[in-house]
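Look at the two complexes coming up: chain A is in both, with chain B in one and chain C in the other.
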Partner chain A sequence: MSLQTLILCRRAPYGSALAREGLEAALASAAMDQIPDLLFSGDGIFQLLDNQAPEEIQQKSLLRNLQALPLFGVERIHICQQSLNRRGIGVDAIALPGLELTLVEDTGALIARYQHVLSF
Partner chain B sequence: MKFSLVVYSAPHAGESAATALRFAQAVARQGHQLLRVFFYADGVHNGSALPAPPQDEQNLLRPWQLLQRETGVELVVCIAAAQRRGVLSQSEAKRLERPAANLAEGFELGGLGQLADASAHSDRLVTFGGPA
Partner chain C sequence: MALHIVNQSPYRSSALNDCLAAMAGGDALLLIEDAVYAAGMTPAALPMEKPIPAETYCLKADAKARGVSVSEKIPQIDDDHWVTLCVQHTPIVSWF
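Presenting the complex of A and B:
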């Protein structure tokens, strides 16, 4: 049996409203007791970086949404290893207490395991 | 088979919203069940009653409303995304003290829980207008 829902986060945090709206969809789903898995890939990994200063551009930080994930039962997020490599970002630049980070080499195989994928 | 759709694109910003409509029509025509269309992000603009495109250009609103009447599909506009973008029902306009309401007939405002619910209760969930 395939897993229920994967939420795919592919957008940089403040360049597209879909970044925030994807996390909001993840939280809403978890609040309904349908805890989704999340995969951050492409520019989506920028959502996870420590030391963001969105207030400089009058934006609201996405970190609060990410920090809320464990409170809603999401304990683990998947991160595309290749996306990190391509952007020269080490996993040590990501600090999210309460979330276990799983690096994924073969994102295609991961995605294929899910019944539904919501891409943001 | 039971389908639900998710639409992220505004009606005239690209082809996605029109493709979603045609897909929804095809699903119904082929005898499948169309449970819900969830309009999210810029897709909430599909639920506005106000667009007035030139007469020789396509208007997606009427076909959505017709499909809703014919099939009973739920056309759900995400309330949080709609508030950000100014798509309001009468009661929301009043509650938020805005000068006008524009949610089109046949559409309803709903929460993100309805997206999770569509995901749980559909055999296929198809997204239109997501990231390229």
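Presenting the complex of A and C:
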């Protein structure tokens, strides 16, 4: 049986509204009992970095939305290993309590398992 | 099999490169809007790390509008054919 929905997060957090909209879509979907999976790839992995201080640029923290995911039933996120490698970022730079981080080597195989993919 | 749809020029955005990195064998690729420029270039002139896959389509109206001469290997399709591709593939993944 194929899984329902994958939310594909490819944007850095504060440069555009897309990162926030992706997380909001995930939370809204989960609130309607359609718990999605999330894949962070490309610049989307910058959303996961610890030590963000967006109040410096008068923006609201996106990390808070990420931390809310487990409260809505999203307990695991997928992260593209190659995107991490490209940017020289280790998993140790990501601290998200309550979320299980799954590193994905073959994103194509992951995407193929879903009925719907929402891109942000 | 998935249908991947890209709408950005490969020279401006990483969308096509990211898409190619996330394609599984047998997936189809559709180039629309500014992504049609990728359909008119020689492989040597393309900045992506991987070549475009065997099953790649290009939206004819977008290519014609931009004066792009599309490689003979890439079928040019109309909107009706696009709908058919959407029906034939699951999931549909947009890259922008």
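One rule holds for everything that comes next: the second predicted complex is superposed on the first by the 120 of 120 C-alpha atoms of A that agree within 3 Å, B and C clash if a C-alpha of one lies under 4 Å from a C-alpha of the other, contacts with A are read in each partner's own complex, and residues count from 1 in each chain.
We adopt the following convention: a residue touches a chain if its C-beta (ideal position, glycine included) is under 8 Å from a C-beta of that chain, and two chains touch if they have at least 3 such contacts.
All values derive from a computational prediction rather than experimental measurement.
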item: Touched partner set for A:10, first chain B, second chain C, both or neither; value: both
item: Partner chain(s) touched by A:71 [first = chain B, second = chain C, both, neither]; value: neither
item: Partner chain in contact with A:91 - chain B first, chain C second, else both or neither; value: neither
item: Contacts of A:103 with chain B and chain C, given as first, second, both or neither; value: neither
item: First, second, both or neither for A:82, with chain B first and chain C second; value: second
item: Which of chain B and chain C A:114 touches, first, second, both or neither; value: second
item: Touching partner for A:41 - first (chain B), second (chain C), both, neither; value: second
item: Residues on chain A lying within both footprints (that of chain B and that of chain C); value: 10, 42, 116, 119
item: In the complex, chain C residues that touch chain A; value: 1-2, 14, 18, 21-25, 27, 90-96
item: Contacting residues of chain A [partner chain B, same complex]; value: 4-5, 10-11, 16-18, 21, 24-25, 28-29, 31-32, 34, 42, 116, 118-120
item: Complex contacts: residues of chain B adjacent to chain A; value: 6, 8, 40-42, 80-81, 84, 111-113, 115-117, 119-120, 122, 125, 127, 130-131
item: Partner chain C, residues of chain A touching it in the complex; value: 2, 6, 8, 10, 41-42, 80, 82, 106-109, 111-112, 114-117, 119
